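Presented sequentially are two complexes of chain A, the first with chain B as partner and the second with chain C.
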Partner chain A sequence: MRLYYELAKNALQMSMAYRFNTCLQLVSQTINMFILITIWRALYNGTGVTASNMGAITLQEMTTYSIISSGIYIFINNDIVITMGQKLKTGEIATDLIKPINLKAALFCKTLGEKVYQILFQLIPLMGMAAIFVGIPVPGWQTLLLFFITLINGMILYFSMTYIIGLIGFWYLSIWHLRQFLDDVLRLLSGSFIPLWFFPTALIDVSSFLPFRLIFFTPISIYLEKISGMEAGGLILQQLLWIIVLWVVEKILWRKGIRKLVIQGG
Partner chain B sequence: MYYLKLYVKFIVAHLQSKMEYKFSFFSDILVQIITYSIHYFNIWILLNKFGSMQGWSFYEIVFLYNMNLFTYGVSALFVWEPMRELENMVQEGSFDSILTKPINPFLHLVFRQFRTLYLGHTLLGIIVFYICLSNLPIHWDIYKAIWFVIVLAGGVLIQAAVMILGGAVSFWIVKSKAVIDTGIYGLRFFLNYPISIYDIWVQVILTFIIPYAFVNFYPAQYFLSKESTSLFPPILQYGTPLVGVVLFFIAYKIWSLGVGKYQSTGS
Partner chain C sequence: MIKVTNLTKDFKIHTREEGLLGAVKSLFSSKYTLKRAVDTVSFTIGQGEIVGYIGPNGAGKSTTIKMLVGILVPTSGSVEVNGLKPYEDRIQNARNMGVVFGQRTQLWWDIPVSESLNLMKFMYKIPEKQFKHNMELFSDILGIDQFMQTPVRQLSLGQKMRADLCAALLHNPGILYLDEPTIGLDVVVKEKIREFIKEVNNTRKTTVILTTHDITDIEKLCSRVIVIDQGRVMYDGNLDNLKTQYGSVETIKLDFAGSITGTSELRTLGIDQYVIEGNTAIMTYDKRQVNSSKIIGWFMERTEVKDFVVSETEVEEVIRRIYQQAADTNDRSNRR
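Presenting the complex of A and B:
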């Protein structure tokens, strides 16, 4: 346990070294959030409310939606694919196998360490700016509790997805292709940009069979109290189910990948 | 003429080396096409729901977006990679080898490579232009068509100038990649939608400070016969080629200043 704590601490200290990058990233994130809010303002075009397949949605709600979405992005994103890609390319993976640590757990702790840093120096400043210049309505504590549960589950889901892509690197070396593809799918189906309530019906059907909406759309619509407590329970269950499914996929890929690595000698 | 011949030789050699890995060559391009097709699909979802964005229809916004994508793709084919690499070259000192060659260092740096991945942006850009133009009621004549090509060339120069400025930063600042990412990717997002939707100070920045708006917004206003926004005179709609040439010239001068500084410190 202590070992994993050290790994996380180490990652946090490493992040400190890149303060300049963090600042610039914060600039990009602020610009993006600002653009998102403006796009909705332009689409609403003076009317404060629009109909959707989940009832009336106000511009105020879409503004909050964009802010929370920008925050979730910082909270979930990680560089597992890049790290795994380098490990597989340089053969560092071989030394990882000798070490008495679980690779996935080590990567997760590294991500947690980086998260602490990003929460302090990106998430909090960004939300602070949003609160001052735009305003963020805060729901009751029950809603907030559900929000944080689904948020953390979403982060685990995204971590598993990136880890799976990393594992595919055993067979396909240009994994940044898949990473970019994952980003594309998320941009389209997760609700990170456009909430599912504005989707055409066919697209809602497609996305309800996939885990991506559980990362952005689910927590945000809970935050905006568009979803009742019962429904939220069902969605948390779906999240847990998908976490298990992805975990099984990881196990299979890991076993096959290692076998391939051992046979070929890396 | 001599340089052109040289460049063709460089490109042929480079493409031959790339074609050794056919699968990665084509998948690099395919991934870019998928990414931007999804961007267009997102715009379709939005406009399908809302009808228009401050008077801009789906095809009009896609046309605007595509002017940005296409000019970005074309200029990135040539200057993205060398400017991106500059940070490492300056740090490791391998930029010295560029200076020892009997050819202008800027040209040499650009000639050495060709970022084939951006063929995806360029190809998709052409396809989307075709789709947009067959769905938009623009009355074309020969002058307008020539003007369209000139405007695109101006756009390419503006995009290239920003990339070159980003590269030039590495002669002064160590961490230039992060600056380029913010400068190119961060600000470029503004161009995906009509800049008239933003607050006035954003429009001023994108018009007079980093004149990105000349890449697509002002020329699109002309081709789509949009009412010009009250603050800026309609003459700006014709400014793209001039802005492109001037900006490219300034970027090149600053870049050369950077090379001069690199030589004098000897670091």
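Presenting the complex of A and C:
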């Protein structure tokens, strides 16, 4: 246990070594967030409220939606695909496999360490700016609790997805494209950009069979209190189910992949 | 301790035709050829041995090591290390071994050496007392304290290697695998590392398996060598035997006074080649046929011997010959 704590601490320290990177990312995230808000303002065109297939949505709600979505992005985002891709392409994975640690656990700790750093130096500043310049309404504590549970589950889900793509690297060395693909699918089906309530019913049906909406749309809808407590419970159950499904997929890929492993570069 | 039986590893190599058209074709059909990197290799290594695992580039040395440490899964055959199958019990096997890959570091790139080593403490659950003791001992012999606070990415190759060795041995592993530990290092650092390995082997009875291209490594460290080529074991035994088996040729250089006649008689003594220039004779012979004292005696009967030097075949030459022999047999079998 202590080891994993130390690994997370290490990742945190390593993030500190790349401070400039953090600043740049914060700038681009801020720009992105304000672009989103501006687009919604333009789309509402001074009307304040619009109809959707989940009832009326106010501009205020849409603005909050965009802010929370930007925040979730920082919270779930990781560089597992890049890390795994590099490990496999350079053969560096050999040095991970000679250590008495579980690779996935080590990667997860690394992500957690980086997360602490990003929360302190990206998420808090970004939310601070949003609170000052736009304002963020805060729901009651029961809602917040549900929000944080679904948020953390979403982060685990996204971690599993990226780890699975990383494992595909055992067969196919250029997994960067797959990450791009995951990001595109996520942008469309997770509700990170456009909420599912503006979707045509066909697309809603498709997305309800997939885990992606559980990462962005679920926590944000809970935050905006568009979902009742009972429904939220069902969604948390779905998240847990998907976590198990992805975990099984990981296990299978790992078992098959490790037999395929070739250490690149001797 | 280590038991390897009929170990075999095949790699699939995708063959792609040249040019743009070839690249497009390979999108739709993936042809591949099988390459056998390790071919029915068997050996047993006991505790406390230092074994040199040598062979030309691409012989299958590293592949074997990677199966021993549990990174690669054998295609067939078996590996057993202390009763464990390294691939199946990778983590448990890893607890009792130290590994140094000469070409890459297992330390964390962006943090100082001291913190990397500290992480090792938690990774291998090393008791505080043992950790402290080892750190003192190793930094003494390897001189690590000079760069303890430097991030690994800023270390020189020699420093990195020393830090890696230290990291690999902090948990007192029973087995140490060294994959070209002295590659690219200067003579002084090489010597330091050899002494260190020897010391660890002596005091802790650590089993050491070492691949190298540096003949001095082998001469100074290994009691036993396994020579491998094209995935097959060519020789397994002690170094002296290797020398007598393949290195039975000696050269003698002898200075004498005055002149000498009847040198054609040297042939009947069993000397294969001789050159006489002025007052110096250079002769090569198989030492199983004739020994140096007989040759010197022959000269002393006829003239005054002023000086002589007998040179044995270098290990390097011995190994070159094994490789050469292997290549020849391959040629022959291919022609057949």
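Following the convention adopted for this analysis, the second predicted complex is superposed on the first by the 261 of 266 C-alpha atoms of A that agree within 3 Å, B and C clash if a C-alpha of one lies under 4 Å from a C-alpha of the other, contacts with A are read in each partner's own complex, and residues count from 1 in each chain.
The rule we apply is simple: a residue touches a chain if its C-beta (ideal position, glycine included) is under 8 Å from a C-beta of that chain, and two chains touch if they have at least 3 such contacts.
Values in this document were obtained by computation on a predicted structure and should not be read as measured data.
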{"item": "Contacts of A:42 with chain B and chain C, given as first, second, both or neither", "value": "first"}
{"item": "Partner chain in contact with A:187 - chain B first, chain C second, else both or neither", "value": "first"}
{"item": "Partner chain(s) touched by A:112 [first = chain B, second = chain C, both, neither]", "value": "neither"}
{"item": "Which superposed partner A:32 touches (first chain B, second chain C, both, neither)", "value": "first"}
{"item": "First, second, both or neither for A:13, with chain B first and chain C second", "value": "second"}
{"item": "Greater residue coverage of chain A in the superposed arrangement, chain B or chain C", "value": "B"}
{"item": "Partner chain(s) touched by A:198 [first = chain B, second = chain C, both, neither]", "value": "first"}
{"item": "First, second, both or neither for A:2, with chain B first and chain C second", "value": "second"}
{"item": "Chain B versus chain C as contact partner of A:92, first or second or both or neither", "value": "second"}
{"item": "Of all residues in chain A, those that touch chain C in their complex", "value": "2-3, 6-7, 10, 13-14, 17, 91-92, 94-95, 97-102, 258-259, 261-263, 265-266"}
{"item": "Touching residues (chain side chain A, partner chain B) in the complex", "value": "20-21, 24-25, 27-28, 31-32, 35, 38-39, 41-45, 50, 52, 174, 177, 180-181, 183-185, 187-188, 193-194, 198-200, 203"}
{"item": "Parts of chain B lying in touch with chain A, wherever the complex brings them together", "value": "24, 27-28, 31, 34-35, 38-39, 41-42, 45-46, 48-50, 52-54, 175, 178-179, 181-182, 185-187, 189-190, 193-194, 197-199"}
{"item": "In the complex with chain A, residue positions of chain C that touch it", "value": "11, 62, 66, 69-73, 87, 90-92, 94-95, 97, 99, 101, 103-106, 108, 110-111, 115, 118-119, 122-125, 151"}
